[in-house]
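The structures come next, written out as structure tokens.
Below, subunit A partners subunit B and then partners subunit C, in two separate complexes.
Moving on, here comes the complex of A and B:
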């Protein structure tokens, strides 16, 4: 283990340059990456340097040097609490990975993978070679598509009154009741409607997932942040599908079909992508 | 809506929130030599969502810099100009964020290292407030 211990200060170069590390964006086949490097490339995560390749056997990593004054352990942890610093670099990371994933099958890495020396990247490529090759093959020719389901709560609740027979009965009895009773019945109706709305949302999400999984190769449920509301309504569910490029039209038509089926019920679908397969990189 | 069918699905360019959700949280995890904890992704995403209302606006006025391959030579100059503009804009946004969060956090200049629970709550409140204002 001690032989592997990275030296703390790597890359202290001739011209008195600051110590640097290597930021790694993605990994792919060596030959296909070399080809992409023949053409113009997007900017690196820090704007004054260019992207580089570090190759080992048949694999290569897309990297760029980063100053350890910003990307060393403490500095980076500090920067990560600054939304603007992180947002800008996140977009740059994404642009780089997107550029390569559009041109070849890549393994997208999570934000913030940094090595202190070139040799350490080579070592990683050879140690994890088998796993990396397997992921590259699994993702070949495929893209990630995000599918968001939004619910228009007002519309949904309104529809529910007609959907559920027991609710209809209750609301009829509320009309006929005395004012005091009627108030209590209406309270109960509100609670019931909210719970029916939740069930209905779950049902629709499951149905959409089932339909699109027939075409997609794989699916992931993504986290929905607390009250993620947008101009489309409330975000009810979020999926990522791994879709073969050749079947995308089919996938899109299927999504349009289910979208149409549920529009009147108060649901709206949004498709985002194509993404590098971030959600399918970890086995 | 006349074009209802096509408007059901919008394959739009990725927004910042979608990007962050993916690259901060997903993607192959390889330890690397620098240990970073992205444990607080949710808080970070909330903070950044606070920015986004404004960045979306920035996009409307032409600051959609991430859609271009900025280093492709013919666009390099324009990209550089955009970068400068963007940096200024971000400085402004950073300022705005601070304005929004300071009144809810008890300490002035909010301790940089602190990502305590209470700060998370303050952040959330600020997010809601800003969203309300942006409607």
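Moving on, here comes the complex of A and C:
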């Protein structure tokens, strides 16, 4: 970081401090954030600095200074390839957002939003003010709950084999066929079972979504990452629900009810949360 | 185990993967002056999947040693 530093950083450089940017965690109403700042706060994304507020009109952003030697465009890209570095910072981001979202209605930002100057954060708050206020109001008094549907594939396939008459017939004809034919029939059975299992999973997921949407205020379908198999089985579907805090008990009872309905069919439901409303922060 | 992993360990009770998925993939996207592209996020996430399995392993080892 020497003579070739961009001009806009000269202020910090002259004052003898290392060039810094502002890492932004979340945005909320200015007054409510100020109140939260009166009490103890969680640590920032870099442990040696404190959280700050940058306010503009009735809004404020929770930020902390970060050294551009680590968070500048190139340095950041480099760091992001180090999984531990990224995971630790992502967890710190979450702790900060969680702290504020438990105390007031906040708009959680995605990891890695960095500004070079305080004035640019103010400008963003002002330019996107209307949109931000609308999101804050929409999320007020609400939390995000994740719902994961796991399928026990073996159990599901087994059920399908006993439930589907056409599969049963095929299976009987495979038993009676010559070894060569039998092989082909069994391959066909496997394909059919897999496709019936997919349909069944879709049907159950849709039903669960319908039931819980009666209580939740909003729902998002989330993508299932390939590697998300756990001890609960294979992750078959994933939703995020926006739930009014006052209706959470009702929401949980509904989830338990619907979970019971599908346990014997080889499905398991899991609720995670409460989360800051990450999935409902965009528009 | 390095200090940095302590934070990850704390989180593993709440499913670290879920947390990272939220923080890295979701939340309001505001174009700061420095931002991460979505393609990068996907790559990071794949790397984290690998890391997490090793964190969990480390966690289990520590538990067995009665250190936690």
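Quick note on the criterion: the second predicted complex is superposed on the first by the 263 of 283 C-alpha atoms of A that agree within 3 Å, B and C clash if a C-alpha of one lies under 4 Å from a C-alpha of the other, contacts with A are read in each partner's own complex, and residues count from 1 in each chain.
Everything below uses one rule, namely that a contact is a pair of C-beta atoms (placed from the backbone, for glycine too) under 8 Å apart; a residue touches a chain by one contact, two chains touch by 3 or more.
All values derive from a computational prediction rather than experimental measurement.
Participant: Does the subunit A-based superposition show subunit B and subunit C clashing or fitting?
Facilitator: Pair status: clash.
Participant: Touch check for A:119: first (subunit B), second (subunit C), both, or neither?
Facilitator: neither
Participant: Pick one for A:49: touches subunit B only (first), subunit C only (second), both, or neither.
Facilitator: neither
Participant: On the A-aligned overlay, A:265 touches which partner chain: subunit B = first, subunit C = second, or both, or neither?
Facilitator: Neither partner.
Participant: Given the touch rule stated above, what does A:252 touch, subunit B (first), subunit C (second), both, or neither?
Facilitator: In the superposition, A:252 touches subunit B alone.
Participant: Touching A:279, do we find subunit B (first), subunit C (second), both, or neither?
Facilitator: In the superposed model, A:279 contacts both subunit B and subunit C.
Participant: Please work out whether A:76 is in contact with subunit B alone, subunit C alone, both, or neither, and reply first, second, both or neither.
Facilitator: Touch status of A:76: both partners.
Participant: What is the contact status of A:235 with respect to subunit B (first) and subunit C (second): first, second, both, or neither?
Facilitator: Neither partner.
Participant: After superposition on the shared chain, which partner residues are touched by A:157: those of subunit B (first), subunit C (second), both, or neither?
Facilitator: A:157 contacts neither subunit B nor subunit C.
Participant: Could you give the residue numbers on subunit A that contact subunit B in one complex and subunit C in the other?
Facilitator: The answer is residues 21, 24, 27, 71-73, 76-77, 80-81, 83-84, 86-88, 90-94, 97, 107-117, 120, 124, 128, 135, 146, 225, 227, 272, 275, 278-279, 281-282 of subunit A.
Participant: Under the touch definition given earlier, write down the residues of subunit B that touch subunit A in their complex.
Facilitator: Going by the criterion above, the answer is residues 4-5, 8-12, 14-16, 18-30, 32-38, 40, 42, 44-51, 55, 66, 69-73, 79, 83, 86, 90, 93-94, 97, 112-113, 115, 124, 128, 131.
Participant: For the complex, which residues does subunit C have touching subunit A?
Facilitator: Interface residues on the subunit C side: 2, 4-5, 7-8, 10-11, 14-30, 32-36, 40, 43-45, 47-52, 55.
Participant: Using the touch definition from the top, list the residues of subunit A that touch subunit B in their complex.
Facilitator: Interface residues on subunit A, with respect to subunit B: 6, 21, 24, 27, 40-43, 47, 71-73, 76-78, 80-84, 86-88, 90-95, 97, 99, 107-117, 120, 124, 128, 135, 146, 222-223, 225-227, 229, 252, 255-256, 259-260, 263, 268-273, 275, 278-279, 281-282.
Participant: Sort out for me which residues of subunit A touch subunit C in the complex.
Facilitator: 21, 24, 27, 71-73, 76-77, 80-81, 83-88, 90-94, 97, 107-117, 120, 124, 128, 135, 146, 225, 227-228, 272, 275-276, 278-279, 281-282
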